[in-house]
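Two complexes follow with subunit A in common, the first pairing it with subunit B and the second with subunit C.
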Partner chain A sequence: MGTEWVAVGLSRDLPAGVAMPALWQGRELAVWRSASGKLSAWNDRCPHRGMRLSHGFVRGETLACIYHGWVYGTSGSCIHIPAHPDLVPPATIKAETFLCVEAGGVIWVGAAGATDTPPEFAGYVPLRSVATQADAAALAQASGLEQAAQGLLGSTAAGGVCLILSTSQTKTTIHALAAKEADRVALSRWLDGVVRRAEERVLA
Partner chain B sequence: MIPQAVLDEWYPVGMAAQVGPPPGRETMLLGQPITLFRDSAGIRVTGPDGDLAVTVAYGHVWACLGTPAHALFPIPEATQEGRRLVDCGVVRVKCSPLRAVENFLDIAHFPFVHTDILGAEPHTEVARYEVQIREDSDEVWATKVHFYQPQAAKSAEGGIVTEYMYRVPAPTASVLYKTCPARAGEWDVIGIFVQPLTEELCDVWPWMALFDDETPMADLIQFQQMIFLQDRSILENQIPRLLPLDPGMEIPTQADLTSVAYRRWLKRKGLTYGAQMVAA
Partner chain C sequence: MILYDYVLSASCYKVRLMAALVGERLDLQAVDFHPGREHKSASFRDLNPAGTLPVLVDGDLLLTESTAMLVYLATKAGGWMGSGAVNAAQVQGWLAFSARLGASLGMARLHDMLHYPVDIAAVRRAGVDCLRELESHLTEARFAGRIFLVGDGPTIADIACFPNVALAPDGGVALDDYPSIRLWMRAIRSLERFIEMPGIHRLHELKPAPEAV
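== the complex of A and B ==
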């Protein structure tokens, strides 16, 4: 079995200099992009006092925790403690890191040390991400798409579509990709309808 | 099961001035429903098993679910001539009551959480200060704490180096003493009285005893509320929600010696409500 690659967002929703929360196999992560564009995914917990690193701020090639400003480099190591500016932080102060790569406009997270690569969806381009309370089964039924390894795949009147799903106990995030020749506006509207019907099923 | 040591402590349960006749105010203490009301006997607090021990002090009502192990801690400044006593209301925070107290003891966050008010970059250094667990009073104390502040208080103009002293006289209460901008040689006194609703939910009641006759009451309260709302954005986003008492889960530095002493004191006294004992 390969690495459990999980899509945590679309590339264009995470510009340089921004950090965001993400879920990976029930773990809460902070995913951030440095000024030069490098992506990192870490446990969403500052080793100092447990503050969520996804609330931190990106400065150049570093992420600083919002609570006491501890600064971490892209390797995850703490490189500066503002309360003790002259101290060189011990190497043991390090955020827990995961693999984070981009493929086809989608950001994927995998276990540290994974050797395989995330799935590719040749011929598809990112459409948008939607969060919903509906689960994968409800979305499959509402969309009429085929269940595939990484989500739901098939064609609609507006063209081909692929819905990559990442789920937690309470919500599902859909990363929608559109076939290159699809009608993006119509497909986006179709997606809204799928989500609405799936949510109605949840409530019913 | 809640440890007996926890049940035998005093906890704030409301502002004395707000307690009215029955049915009164329904709230919670250590996960149990309680009711505060005023009758001919004075302020009473009732729980599932009847009346609780009650003390009224520092503008607030304090209750004990067990048998009080000692009298409520003293704040001598509360009766000092010339001080203005300010009840600041309440801020509800989804966090461990112990995390709320620990945050109050922390100065290293000022430049990042209370930016341009209680601290500002590049003035981030926390110089060495002194910390003790005082055996006579059984309190945690930090003294000789110095920090540069752009606007230390509502009455402060411009940046100054403020000196602080902190004390933890009860598991969920802390009192700080800070340089008084209006009167050299005196200390402003600010307390937070934290009501443990559950292990992961608390009501924070800030209280002040200040030498400040000028600032309107509403402005004093608003200043303190603003500071606590900034703290809340942190406190509701720490993982885990419970305060880890065993070393290893979090990494303190020299700036955190007050928090280290507070955790050690809680652990030694078995005051583990709101704490996590085993590294997860």
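== the complex of A and C ==
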């Protein structure tokens, strides 16, 4: 189930009209949501000069690069170049696009041609995303949670929690989900403590 | 009201931004902070013996701390200070936190941009600690349906903390991993009469695309 998918963020952190950076299998992505709510995940490089598209801005159903304002539609194709307003951009000017879906308030990116659907965590709601230098083993030890398919799962004094772990060469990003009845503030502070303890072990 | 100013200074920008937001006109006096070190000159130290920027002069009043300038501008205009004992105390807490931001993220930026001799690894590490505290606080605020640091609306606490956070990448500290900080910065940049500085751009999407000419 769902092993082809990697969590890159939480829906609550990406309202309409916002772009944000994310990591997927060591690739830097720009994940953005159009005014109408359509979600896209692209290589985080403008085909023009390589500026990060996650620094760009969303107008309607387009993402524009912050550097020279090249405008891209949700298909990834460049549709307008401000310095050449009469030019119809050639089809070869296109951002590299990735398969991106939302399930249960989590944003997932999958390999091209992924056939299954992302995992669902019934009974849990998104809490927050936190990045850490600690690895999964240190986080398991510091949290006292059980290993599960996508990360760590268990209960705390503040309520049930599920930590989806997305690892890259430089960091682990924790996408934390809270059981519906959990105390979100207490759980958020518990997670800060887990990260501190896990990092102290790594750095010790 | 005269502001002795350096365009790349985060602290000077705090004051320019606050003045813009409350509609106060500043007479900007550019000081050659780099490379001229004019703020350390004898004549500038006659004005501010500490030899620091910014300096705000309004008639007989002379202020040399940017947070004091925020208090002055906000109190003159009304609002922005947090109302009630709890909010007023929290605003003071964040003003003190903004000094930690300056000593960490701010110093990392001065190291990378102007070659200040600091322990760069140490100030970056301290900066990340600050960003994590800020992210956790703003995440809790969002749980309660709020977006600013104190209470329901923007205060001088937001203006004091915003510049050194937004400019953190200049000092080699990435902001990618802080979704609540990202949305908080968007809320500040969405404020009416927000102004930019080099390194902090406005939200272009707030205005329609310009027509080709």
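The criterion applied here is as follows: the second predicted complex is superposed on the first by the 201 of 204 C-alpha atoms of A that agree within 3 Å, B and C clash if a C-alpha of one lies under 4 Å from a C-alpha of the other, contacts with A are read in each partner's own complex, and residues count from 1 in each chain.
The rule we apply is simple: a residue touches a chain if its C-beta (ideal position, glycine included) is under 8 Å from a C-beta of that chain, and two chains touch if they have at least 3 such contacts.
As the structure is a prediction and not an experimental result, all values here were calculated from the model.
Novice: Between subunit B and subunit C, whom does A:Gln141 touch in the aligned arrangement: first, second, both, or neither?
Specialist: neither
Novice: Touching A:Thr167, do we find subunit B (first), subunit C (second), both, or neither?
Specialist: A:Thr167 contacts neither subunit B nor subunit C.
Novice: Quick one: classify A:Met20 as touching subunit B (first), subunit C (second), both or neither.
Specialist: Touch status of A:Met20: second partner only.
Novice: Looking at A:Pro82 after the superposition, I want to know if it touches subunit B, subunit C, both of them or none. Which is it: first, second, both, neither?
Specialist: Both partners, subunit B and subunit C.
Novice: Applying the document's definition of touch, where does A:Ala131 land relative to subunit B and subunit C: first, second, both, or neither?
Specialist: Only subunit C is touched by A:Ala131; subunit B is not.
Novice: Residues of subunit A touched: more by subunit B or subunit C?
Specialist: C
Novice: Of the partners subunit B and subunit C, which touch A:Gly9 in the superposed model: first, second, both, neither?
Specialist: Second partner only.
Novice: Kindly classify A:Ile66 by the partners it touches after superposition: subunit B alone (first), subunit C alone (second), both, or neither?
Specialist: Touch status of A:Ile66: both partners.
Novice: Figure out whether A:Thr117 sits in contact with subunit B (first) or subunit C (second), or with both, or with neither.
Specialist: Neither subunit B nor subunit C is touched by A:Thr117.
Novice: Do subunit B and subunit C land on any of the same subunit A residues, and which?
Specialist: 66, 82, 85
Novice: Within the complex, which stretch of subunit B touches subunit A?
Specialist: Against subunit A, the touching part of subunit B is residues 106, 108-109, 111-113, 121, 124-126, 233-234, 237-240, 244, 249-255.
Novice: Using the touch rule from the top, collect the residues of subunit C that touch subunit A in their complex.
Specialist: Residues 132, 135-136, 139-140, 142-143, 176-177, 179-180, 182-183, 186, 201, 203-205, 208-209, 212 of subunit C touch subunit A in their complex.
Novice: List the residues on subunit A that touch subunit C in their complex, please.
Specialist: 9-10, 12-15, 17-18, 20-21, 54, 57-59, 64, 66, 82, 85, 128-131, 171, 173, 184-185, 188-189, 192
Novice: Which positions of subunit A touch subunit B when the two form their complex?
Specialist: Result: residues 28, 44-45, 47-52, 55, 66-69, 81-85, 87, 92-93 of subunit A touch subunit B.
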